[in-house]
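The two complexes that follow have chain A in common; it is paired with chain B in the first and with chain C in the second.
Let's turn to the complex of A and B:
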């Protein structure tokens, strides 16, 4: 029995305004998203939002998300937080001002996603060294629904061809439950 | 000749089994750890993976308490790497970047004058390694020396569109101490129809 399984991969063949995984099986303990992406925003990284859905419905677009982040822009360090957001704010999509071959990296861990009694907290490490920038952040979906839908979208651009998104499921050891 | 586990030995069909594949492990006592693709269609062939992941626990014979661990790809020692780093040391936090240098940062590692038996932990993720993109590399390292040390995050770009076929990890100018352990994993994408619905709009 596999412990880490690839649930879905999408490799964009054309620019897209959103990428969504739905009907995510509840058969895993944790999820991990691995993304190598680029955006159409002219400068800076293309910030974007991660939203969740539950119960087979659409993603929650209400002001039910929060985040805390530490960041580094070259020698500048700082921290930012937000609450009442309409998605978990992420950053790493390389922007159009960078060399066309530059994409950003993003790993998002979503723990105990299928538990319907806990809010959903995420842990993300992302960045684009060529920009340069890097973020380490937490995200919160202030809802207890089991996550079965995940969506990336941005109000400032699209994800460009060649961006790659893969969702992994991590199983637990059934003998210790 | 062993087939990769995701190929059914009877039918030859591709399946989706374990997404993380253990490629190789090293327990070096030299300055350099090298992983090279076997290019033979077997487990060690990098060309079948979407990403690679390195997990290490290292200490060096560096004469001080801590030194750097560099990463080079495809034996490229040219000024083709960009870095962004962020680290904490005691109560201090700092960051820096380099637009063009000769290596990617994988972490900071304990030196020979650190307290005995202290090793440093690091992980490295290399993204979309067979694409025509510049390669993104992110790393995390923990170099805790009981009251001193560094915790650090890194992003790197290898400014090459070549597929990754070789990884070299180097303790800068020093030998990695016996007891060091470094493991390389291949991360497969979903290869059969997905078990979730994918919508691209």
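Let's turn to the complex of A and C:
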């Protein structure tokens, strides 16, 4: 049995306002999301939100999320935070003003995502070098249910054709699953 | 093709000061470690030490940290610490919220070079106030040529690691 397995992949054949993975099994120890993405927003990166669901229901759209980010924008560094958010705020989707071949990269780790005694937290590293920006972020969903649904969406645009989203599971016991 | 193997896993079912993983074989190319950690007490964060092979020196680390609106960097050498120092969330943060730590140790079994580790760590919280959360990127060094055969993660002289704190150690082989 492999320790790291691809659970699902979505490759966009056409622009989409959101991307969602559902029925995520609780049999892994950690999840990792790897994304190569671009958005329709005219300039800057296309910020977007990551939302979670549990118990077979829809994703939580309430103000139950928080994020903290450290960013590098060209030669400028800084930090931004938010609480009471309706999703974990992320950035890396390359915007329409960049070269057509430029897609941002995003890797999100979700440790212990199925532990019913822990809030869901994320560790994200993302960037679009030609924009030029890079982000290192934490995210918090104030809910302890096992994550079985994940959704990306943006209030300022859509994800464009060619964007690719992959969900991996990491086990802590090779005999499980 | 790279092959991942779980070397060891530990979840704390009672509070305690440390988690130790012994008898790490030298048969892998790299080590990858995940930790979901929370310490007790009333502070928002607390130091966390990583030690290899029970060795008290020589360690050093350099890191980029942010817990306010302005990122800062710092460096410590073995004259100041006996371990690669990390940081984790503690009892002042939102209940049930654990910090995430991911560590890579490339070529951990090399017997010529010191062991360089790369660490990403975050302390999420539902607060935007200064020093009630943090993000940290660390380069740490155990400058000893011995192959790593033992790992210890310890709350550094402060509150204990809380129930639910967990560590998974992976070995990776293959080009």
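Just so it is clear, the second predicted complex is superposed on the first by the 173 of 177 C-alpha atoms of A that agree within 3 Å, B and C clash if a C-alpha of one lies under 4 Å from a C-alpha of the other, contacts with A are read in each partner's own complex, and residues count from 1 in each chain.
To be clear about the criterion, a contact is a pair of C-beta atoms (placed from the backbone, for glycine too) under 8 Å apart; a residue touches a chain by one contact, two chains touch by 3 or more.
What you are looking at is a predicted structure, and each value in this text was computed from that prediction instead of being measured.
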Item to check | Partners on chain A (chain B, chain C) - clash or fit | outcome: clash
Checklist entry - Who does A:22 touch here: chain B (first), chain C (second), both, or neither? => result first
Next on the checklist: Taking the superposition on A as described, I'd like to know which of chain B and chain C A:70 touches: first, second, both or neither.
Outcome noted: both
Checklist entry - Does chain B (first) or chain C (second) touch A:117, or do both, or does neither? => result second
Item to check | Partner chain in contact with A:2 - chain B first, chain C second, else both or neither | outcome: both
Next on the checklist: Just checking: does A:83 make contact with chain B only, chain C only, both, or neither of them? Give me first, second, both or neither.
Outcome noted: second
Next on the checklist: Is A:136 touching anything from chain B or chain C once the two structures are fitted on A? First, second, both or neither.
Outcome noted: both
Next on the checklist: Quick one: is A:45 in contact with chain B, with chain C, with both, or with neither? Answer first, second, both or neither.
Outcome noted: neither
Next on the checklist: For the three-chain arrangement built by superposition, which of chain B and chain C touches the greater number of chain A residues?
Outcome noted: B
Checklist entry - Is A:104 in contact with chain B, with chain C, with both, or with neither (first, second, both, neither)? => result first
Next on the checklist: So in the superposed three-chain picture, is A:154 touching just chain B, just chain C, both, or none of them (first/second/both/neither)?
Outcome noted: neither
Checklist outcome for this item: Contacts of chain A common to chain B and chain C in the A-superposed view 2-4, 70, 77, 125, 136
Checklist outcome for this item: Residue set of chain B touching chain A in the complex reads 16-20, 50-51, 82-86, 93-97, 99, 125, 127-128, 131-134, 136-138, 140, 153-157, 159, 161, 187-191, 194-201
Next on the checklist: Per the contact definition, I'd like the list of chain A residues that touch chain B in the complex.
Outcome noted: 2-10, 12, 16-25, 34, 36, 70-77, 99, 101-105, 107, 125-134, 136, 162, 164, 166-168
Item to check | List of chain A residues in touch with chain C within their complex | outcome: 2-4, 29-30, 66, 68-70, 77-84, 109, 111-112, 115, 117-119, 121-123, 125, 136-140, 142, 144, 170-174
Checklist outcome for this item: Listed in rising order, the residues of chain C that touch chain A in the complex are 3-6, 9, 34-36, 64, 66, 68-71, 94, 96-100, 102, 120-128, 133-135, 137, 164, 166, 168, 170
